[in-house]
């Protein structure tokens, strides 16, 4: 057991605080002989990086990753390959302005983990939330970049599908649009309408929640395991472990509650080389095991709790006070949660791929 | 790692199939010297037991639990106490009618795990879904009954809060009503209206989804752990591992996506002996650690896929066919998911209580 | 984490006490489609079973195993096959004479775990040592029988190689002799000389220690994993977890301390299809990974502490007293440790086989 | 599961290779509010550091540790305290001379893990053994220094008790001598005689094995857990995971094989506040649980396989060749294994302390 580790065969452990010298991740159990480079990992990190647009925190972090172990030169190409030993990745913190936080040293910020960390541990690094800061998610994204190498045939993409009360129109859905707007949104038209909306919130020092959808295509039938190692259970844990996430659903999710059995159960038809499903209410998972359809997960991120409005709170001495959370924050943390959700999906799938291969000796289904 | 185990310090492993001779659970890591009895565990099992009303499966199972290890006589009372060693609990299957399933031996039931088990393992116990059957949840409920003994000051209750499209009215919410209707519903009036609705579905061989809310009161601040051992992440995994669950949320959950930071972040006020929160959008969890407020989780159960309607599917030879799932099924499996949700909540909290005590030496928060 | 579980991908959890109604094991993670039967498991259990000769405890236990889950009929053969789900095995206790232990209820037996269980848990099942009884090892042997099915090409055998101060002569070593004497001893001549020696000890109510050697042939190069998952580390843990074991060594083991580097390092020569080692001081393991040579482990079992001599001890009230441990005991528990050592070797190797396959996608080495 | 992690509640993960840019460890689960500093950790690292005398490798490594996370300023003292979050410790490699290894790039060094890493992973960092290098043990020592803070009342010391065939005389045993000679030897006289002996070996390019004894005093009764989480099993795994270790014993260990039950079982006498044992053949552990006596573990380290003698081996192409291992090596790696053994003892005990506290709510025994 390890509080700060995730996964079993593909397992990573993250460390670091918002305002410490660095943060990082150790990836253990990665298969050997995968081609890797700092650039490959950096690519994913750059998508999560702060300061990409006016809609994310203006903290300036290069988020430059260094590979410290677990790789060796590929004699053939001169590039790097994984060796099967722990891959240590490190990212230096370069723009931590600790003084930004000096005025909240003795107050608990509503909606943040300040109070709970203090009550649990009796000590807390109040600078930027310390360990509870979303800066930790950079480490996940780095791990996720490695995970993608383990399952190269799986395509993992995500989109913001709701900002505040405004949902996208799935008829407009196009993965090609995701990188064309500052929201990682697959609906061009929705993205356009969100821009003035979020500008308004941002200027007023307000924040808003969001919903992210992550889709993994190319997952063969057979990954996952009953009954506590269900693919769905691990995905739920993965997504819920991301900062500010308060709900997770698979496939039809919440809507399944309102459906009848006839409406919900995806019918099957014979196909080549395997049967197919006429619909995907299951979100690609039946009984905790992938069925060959795209794995579809959605999760909601609450609005960041760092806002300019005056809020009632208490001091660390249990006295009433008020607080205004200054600092450099995201008006919609859900935006940067898009690459984070992809990373967690990649990590869960890479782990289950290895678990499936370990138990059955196959990489996919039995087949027909 | 263990596919069929859950938890870390309070850890249980379940085994058994729908139509095998028995099913059971081994609870490891339970604190010693807790008063226990078969009756205490039976009490919880009886709430989940099939055949309690016309709204649940008519399979006749006594679900009688036997304690096979991990207890010893309490010399003072003559009763039993836990010894700190593994508690093995066993429930015999007594009403398995395997012939009910002979006609689906060569077909995959839509919405069930038949196809995925077969593709993963290349072999499946087709009788009643084998390991994927919801009969496994009896073992969880037994484990949950033990878990409750570990955290006697925590009160865990659950209610059906939505059946199909019909939600309860929270203004009518009364825990006292939960045992007064066949739906474990805290809203008497909603329960009354659901009765004819579900009767209609049942008679037509149809099924429907539901939403369950589980609330744990008396959880002190400080339980849970960053960042992958978050209380919320473990609850998400716990609930999502229950058969047919497709959605999990904590506190405001999905609604948080639509809230602004000002609306969502629960303000704090000084109190005795500790501060209190003016609202509980957080569902009792901040940064993955309990904040002293009730822990509130909701999860959605899809409609059971065993219905009388003719559905398209394929044979195990990948040929088109049709299927009607006869047998004895629940028109709304969500009903029996109520005690199951309570059990999983109890197991997660018992585990985190022990983990918190292990790391900090305290059972609750630092305090003021 | 689980105190009473062993292994990772091939993982088993045991439960039960010496004088409870039953004991058992749940094997999780077993590959599917392995042919299994109660008889196969019984075969191994029978070798460990008490009462096989006058040199083991006279407790009469049939040690009959029942398979309760995790298997399904093989349509082709009518036999059973593993399904990949948890295999629950159960053995009823039938000859527990609790009154044998009534006089030690208030005393701690020297050399036994009575005192430590009481001090740890504040409660203990004093009947036959409760959970600390060597009866638990029946469950391991059952798990080991399943493990052997996972690695059918690996041949695991063991021999008693020392009884008290008397070592075997390795020049006489023949695996064929192991089942021809009551000691599982590969040296016929040593076994003959041990017989009167142990008879003498037995009649005087005395006991003696022993050393067991376990050899696994057919382990391909590449199993095991650095650095805390070393094959050698897991074997050490496995053997040291057996009741009464105080010493474990791999290959040259203790002798390696007295060797020079020149003497110790096994030289290599080119071979087909792979190089070979000119000696096996390494015991088949280099850097925690198998090298293709036989894996050789030895462990020492202390003399059973249940003897007829009067020994000084204390009561559970910390008062001086004396004790004579009556009951039905083994004069040399090392004898029955032979099949137990084999079982633990099988479990460790099966686990590492699956782990290796999971990480690398291969079942053995890269090759040449 | 994690190949490169050790422990459960006090859990650490190491990473890094001999000739990479750095190596390190992440300690997770450490209790909060422990006073810590780089100096405290450095103290232990300096004892293991190469180049302390002519009897250890002449590689020049400052082994300077940096604390990157998991600590925060203690407002009262200005020093650092643990926060309960992951403690990342990093040590830069500064004296890696990769060219030393260029000539062994295509050969397997006998006694080293070159062959097995290559066969397992299909790729290896041949520079200094890569991940299999004993440089990894620096990370363990750093973790052990943190572990000591968790159990401040436990005193952990170790001594070299045998070098090659020469054992110490226990009548001369004095902990005070350990730091007075280059061998960490508690027998002054033995240390003196070893000096010319090892000089001779060193000059001839030869190496020799050794035995280390680690003793933990102040361990209360009650730590450890049946049956696979035995203190003895975890210690065996811990010590066997150290590079070059081939045997582990607890208490009387191997000698117990030759003892009768009467000789071996430690008698008890009433005492204040608890009974005491008249002898300690058990090595402080009964049934896997500490009994209040000193915990005594011995382990043997084989001679380093890097020697100047010409040895037969094969190329990576399975061709016969010869090898002479130049480079900077320890004539007796057992010397530096002394602080490593202490560190592993500290880590095992810290973990079991937390596990015991988690399960029972007590830090020690029930008492009388």
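Odds and ends about this structure:
Letters A, B, C and D name the chains as they come in the text, with residue numbers starting at 1 for each one.
In this text, a contact is a pair of C-beta atoms (placed from the backbone, for glycine too) under 8 Å apart; a residue touches a chain by one contact, two chains touch by 3 or more.
Computed from a prediction, not measured in an experiment: that's the story for all the values here.
When the C-beta pairs in contact are tallied for A-D and for A-C, the bigger tally goes to A-D. Matched by residue number, over half of the contacts between the chains of A-B recur in the interface of C-D, chosen from B-D, B-C or C-D. Averaging C-alpha coordinates per chain places the centre of chain C 26 Å away from that of chain D. Chain geometry summary: the mean Cα position of chain A and that of chain C are 44 Å apart. Centre-to-centre spacing of chain A and chain D amounts to 38 Å, using the average Cα coordinate of each chain. Shown for chain B are the residues in touch with two or more other chains, namely 1-5, 8-9, 14, 29, 32, 84-85, 120-122, 131, 226, 355, 360. Within the complex formed with chain B, the chain C residues making contact are 1-5, 8-9, 11, 13-17, 20-24, 26, 28-29, 32-33, 66, 68-70, 72, 81-88, 120-125, 130-131.
Contact residues of chain B toward chain A in the complex are 1-6, 8-9, 14, 108-113, 115-122, 129, 131-132, 136, 162, 164-165, 201, 206-211, 221-230, 232-241, 243, 245-254, 256-271, 274-275, 278, 281-283, 285-292, 300-307, 309, 311-314, 317-320, 334, 355-356, 360, 365-368.
Interface residues of chain A facing chain C in the complex, by the touch rule stated above, are 1, 8-9, 29-32, 84-85, 226, 354-355, 357-361, 363.
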